[in-house]
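Next come the structures, one after another.
Shared between the two complexes below is chain A, which pairs with chain B and chain C, respectively.
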Partner chain A sequence: MSLIEVDNLSVTYSAKGRAVRAVQEVSLSVAHGESYGLVGESGSGKSTILRAICGLAPVSGGSIRIGGEEVPTPRGKRFASRVQMVFQDPYASLHPRHTIDSILSEPLAIHGMGDSDALVRRALSDVGLPANFRFRYPHQLSGGQRQRVAIARALMLAPPILLLDEPTSALDASVQAEVLNLLNRLRAERNLTFLMVSHDLAVIDHMCDRVLVMQHGRAVEELTRDALARAEMTTAYARSLFDASADRMLGAL
Partner chain B sequence: MGALRAWLADPNPGSRRQARLGQWWLGWLRLRRNPLAMSGLLIVGALLLIAALAPWIAPHDPVTQDLSRRLLPPGTPGNWLGTDDFGRDILSRILYGARITLYIVSLVALTAPVLGLLMGTVAGYFGGWVDSVLMRITDIFLAFPRLILALALVAVLGPGIENAVLAIALTAWPPYARVARAETLTVRNSDYIAAVRLQGAGVARIIAGHVVPMCLPSVIIRVTLDMAGVILIAAGLGFLGLGVQPPMPEWGLMISSGRKYLFEQWWVSTMPGLAIFIVSLGFNLLGDGLRDVLDPKSAPK
Partner chain C sequence: MSLLSVKNLRVTFETETGPVQAVRGVSFSLGRERLGIVGESGSGKTMTGRAVLRLIRPPGRIEADEMRFDGIDLMAASEGQMRALRGQRIAMVMQDPKYSLNPVMTVGQQLTEGLRQRDRLGKADAVKRALAALEAVQIRDPERVMTAYPHELSGGMGQRVMIAMMLIPEPDLLIADEPTSALDVTVQAEVLSILDALVRDRGMGLIFISHDLRLVARFCDRVLVMYKGRVVEELAASDLMAAQHPYTRGLLNCLPRIGGSRGPLPGLDRSADWAV
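Showing the complex of A and B:
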């Protein structure tokens, strides 16, 4: 049984009286411990799928199941302790007036978990941040450090599933590699399941076992990592995406 | 003292308590660097001190009349700021009046912004029909001239300080609601609010813990800027016989009682007017300084 199952998901926004169909009948399933990628150009609906799973986008059709259960609306605390998300922009995802300590202890307070002092300390060291960052404000940190805080926050409740919305696209190349390696290490250590969005096939190739190529809100093609490495895509769109980033992928291999 | 200062200024605090006290200490240092804010603090501090010590520092009883010494000019020995039309010492009345002013100002400052923040953040956060209903109520309160609405309320509830405060608070909150709603609209769709919602937080927690801190600085600025207006409205109500009742030494009441003598005995109105001016100035300067302190982004790295 798959851990995450999305069946015929459609998301429709209404903007100025017009219906914008951001996602149309996309299905995917992610096994326990797997890392699954969503790739496509901007506006292809890949981030919207993550937001729909979290209840941040209006689902107009289809179903979302976590561990075989339909997700409730509103998502609630039980969902929160099973699925967490890392947002794209680390400059916008941390509260500017809260210290790192209060950002990290907030989920513990919401779920009534004690001993937040020790848990916050451990969370910081797990993502490779020095302990003296604890009482700083987000504006005193660099982009990469902020994203580490965001990852630490997502892992405070020890959820088995992490949704990653282009977690490195706002960072420069060297920091990008550090954060991706951190995510891979955490996945290995904690047996996490990743559902990751990126517009960069090189990042997906580095991180994911399987990848779904999306265009205009529809699924185009699903590829395994081996098929990606051997460039065995069947659709022209997936091939054009591959060609655009092939040289960097070969560099990474 | 040096050890305490080092403990407070430690860049790597060991506990939450130390970190919080350190933040307060940093805020105080930032406030202290701003000479205008410090003079504001000094004025507000002096007001507090005067209000607390009025019975001991006032040279005369503020309500005892002495008709043989009425309308004496400032500089008269024994009545350094002069006397009013009943021969009461103006200095003593101003010193005692600080108590009433402080009482009104602090009650209004505690109630109106809280109500405004609540209405504004709830309206902004929920949007939709909640927003429409709450903001139309706000519009109705805004549409009334403030003094007229306060008059109507006092007329219904009866004159007195408490009712005057209630009337002022009920007419003072709509601007705070507007400010808070505008700020809320800019933050409610931000990723950090989405993140805390995703952690399973309830609405009350999100609003109180995550939205209100973003609205507070602009509301605090408005509160301090409005303090002068609050003192004047209280004075206006007193002038119309609906607020503080004579012979209580309220500054606004004192100004209005000196109206008849404005040209010949100018000091009767001018002295309490100066007191209002100085206190309003103090609140404004302090408010500006507080805004800088409350914004951690302005903190030294």
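Showing the complex of A and C:
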């Protein structure tokens, strides 16, 4: 059975009285321990799918199941302890006036988990940050360090599922490599399931087992990692996206 | 003769803990070509671009042994002379259209402002020029975009509006600071081909600042690789694969590749001599 099942999901916003169909009848399923990627240009609805799963976007049709159960609305504590999200912009996703310590211990307090002192210290060391960062503020950290804090926060409740929304696109190449390595290590250690959005096919290829190509809110084509590397896409759009990423191939620059 | 020549450029900021050098002795010259400046955040690439336009506010200081643009000594030029150069002859496309366009003016007002004030054009002529500029950057519906406010545009559109605005006075040198970083690969290709055509057709000089090594290699003629305010390597873009400097090599190696191994990506070793 799949851990994440999204069935015929539609998301419709209304803007200035006009309906904007951000996601239209998209289905996907992610097995336990799998890493699944979503690619497409901006506005293709890939981030909206993650937001819909978290209850941050108005779902107008279809269903979302986690571990076989329909997700409740509002999502609630149990959902939060199973699914957590890491956002794109590490400068915007951490509270500027909270210390790292209070950012990391807040989920523990909400869920009534004791021994937050030890858990926060462990969380910092797990993401490779020194213990003395604990009482700093986000503005005293670099972008890569902030993203590590965001990952640590997402893992505080030990959820089996992480939703990753362009987790490295705001970072330098060398820092991106460090964060991707961190995510892969954590996934292997904790048997995590990833649902990851990126516009960079090379990042998706490095991180994911399967990938769904999206355009204009619709699913275009699903590819396995092998099919992607062998360029075995059947739709013209997936092909054009692949061709635009030709410089990211092995052997190219 | 080169269009721009910079020798031993230094940019210093006074801070509470003493002076910080953001740019530490950068030298380069530029003809009518595409020069890429790459480096990570904090490497001083944006400061180098801004220093050429003397757009560094006190307490920041610009020093250079020489900074000449088309025979004009930029270090000695008065503020009035600089103002005449900025926009007219040297233009800069800033990184983020969200913060660099005026949020309370329509695109049309912003595009025609310079034409009306500086070139003393009548309203109808200014609008005509602005529409042509938007068309030149492949905006499909220029009339609608003219009446739109910046927040009503997507990132790619905003970026193209900025480029259009900078190109109206037909500058000799364009400094583009991460002009495509916020854009999708497909839109990115469009913006690059617009810039490319301008260098080719108008003989404009272009300084292309980016953190994306692969993009710069594909698009530029020559590349400066910066680290901590210094140029660590200068090479022809086509030779980037054969880069010698460990920093350049490290930047290349840490990128994931389609079809590559899924083992940990190599990190960047910053402990060597060059990194201090």
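Annotations
Note that the second predicted complex is superposed on the first by the 249 of 253 C-alpha atoms of A that agree within 3 Å, B and C clash if a C-alpha of one lies under 4 Å from a C-alpha of the other, contacts with A are read in each partner's own complex, and residues count from 1 in each chain.
Rule of thumb we're sticking to: a contact is a pair of C-beta atoms (placed from the backbone, for glycine too) under 8 Å apart; a residue touches a chain by one contact, two chains touch by 3 or more.
For clarity, every value in this text was computed on a predicted model and none was experimentally measured.
Overlaying the two complexes via chain A leaves chain B and chain C side by side, clear of any clash. When the two structures are aligned on the shared chain, A:E166 is found in touch with neither chain B nor chain C. For the three-chain arrangement built by superposition, the Cα-centre angle with chain A at its corner and chain B and chain C at its ends equals 80°, in steps of 10.
By the document's definition of touching, of the two partners only chain B reaches A:H111; chain C does not. In the overlay built on the shared chain, the residue A:E34 is in contact with neither chain B nor chain C. Once the two complexes are laid over each other on the shared chain, residue contacts for A:N181 go to chain C alone; chain B is not touched. Of the two partner chains placed around the shared chain by superposition, chain C is the only one that A:R248 touches, whereas chain B remains out of contact.
By the document's definition of touching, of the two partners only chain C reaches A:D205; chain B does not.
When both complexes are overlaid on chain A, the residue A:E5 reaches neither chain B nor chain C.
Once the two complexes are laid over each other on the shared chain, residue contacts for A:Q84 go to chain B alone; chain C is not touched. When the two complexes are laid on top of each other via chain A, the two nearest Cα atoms from chain B and chain C are 8 angstrom apart. Overlaid on A, the two complexes show chain B and chain C touching no common residue of chain A.
By the touch criterion stated above, chain B contacts chain A in their complex at residues 11-13, 16, 19, 22, 190-192, 194-202, 205, 209-210, 213-214, 296-297, 299, 301. Contact residues on chain A toward chain C in their complex (touch as defined above): 41-43, 143, 172-178, 180-181, 184-185, 199, 201-203, 205-207, 228-230, 240-241, 244-245, 247-253.
For chain A in complex with chain B, the residues that touch the partner chain are 54-56, 75-81, 84-85, 87-89, 92-99, 101, 106-107, 110-111, 117, 131-132, 134-135, 137, 139-140, 150, 153, 157. Chain C contributes residues 40-41, 154-156, 184-187, 189, 211-215, 217-218, 240-241, 250-252, 254-260, 262, 264-268 to its touches with chain A in the complex.
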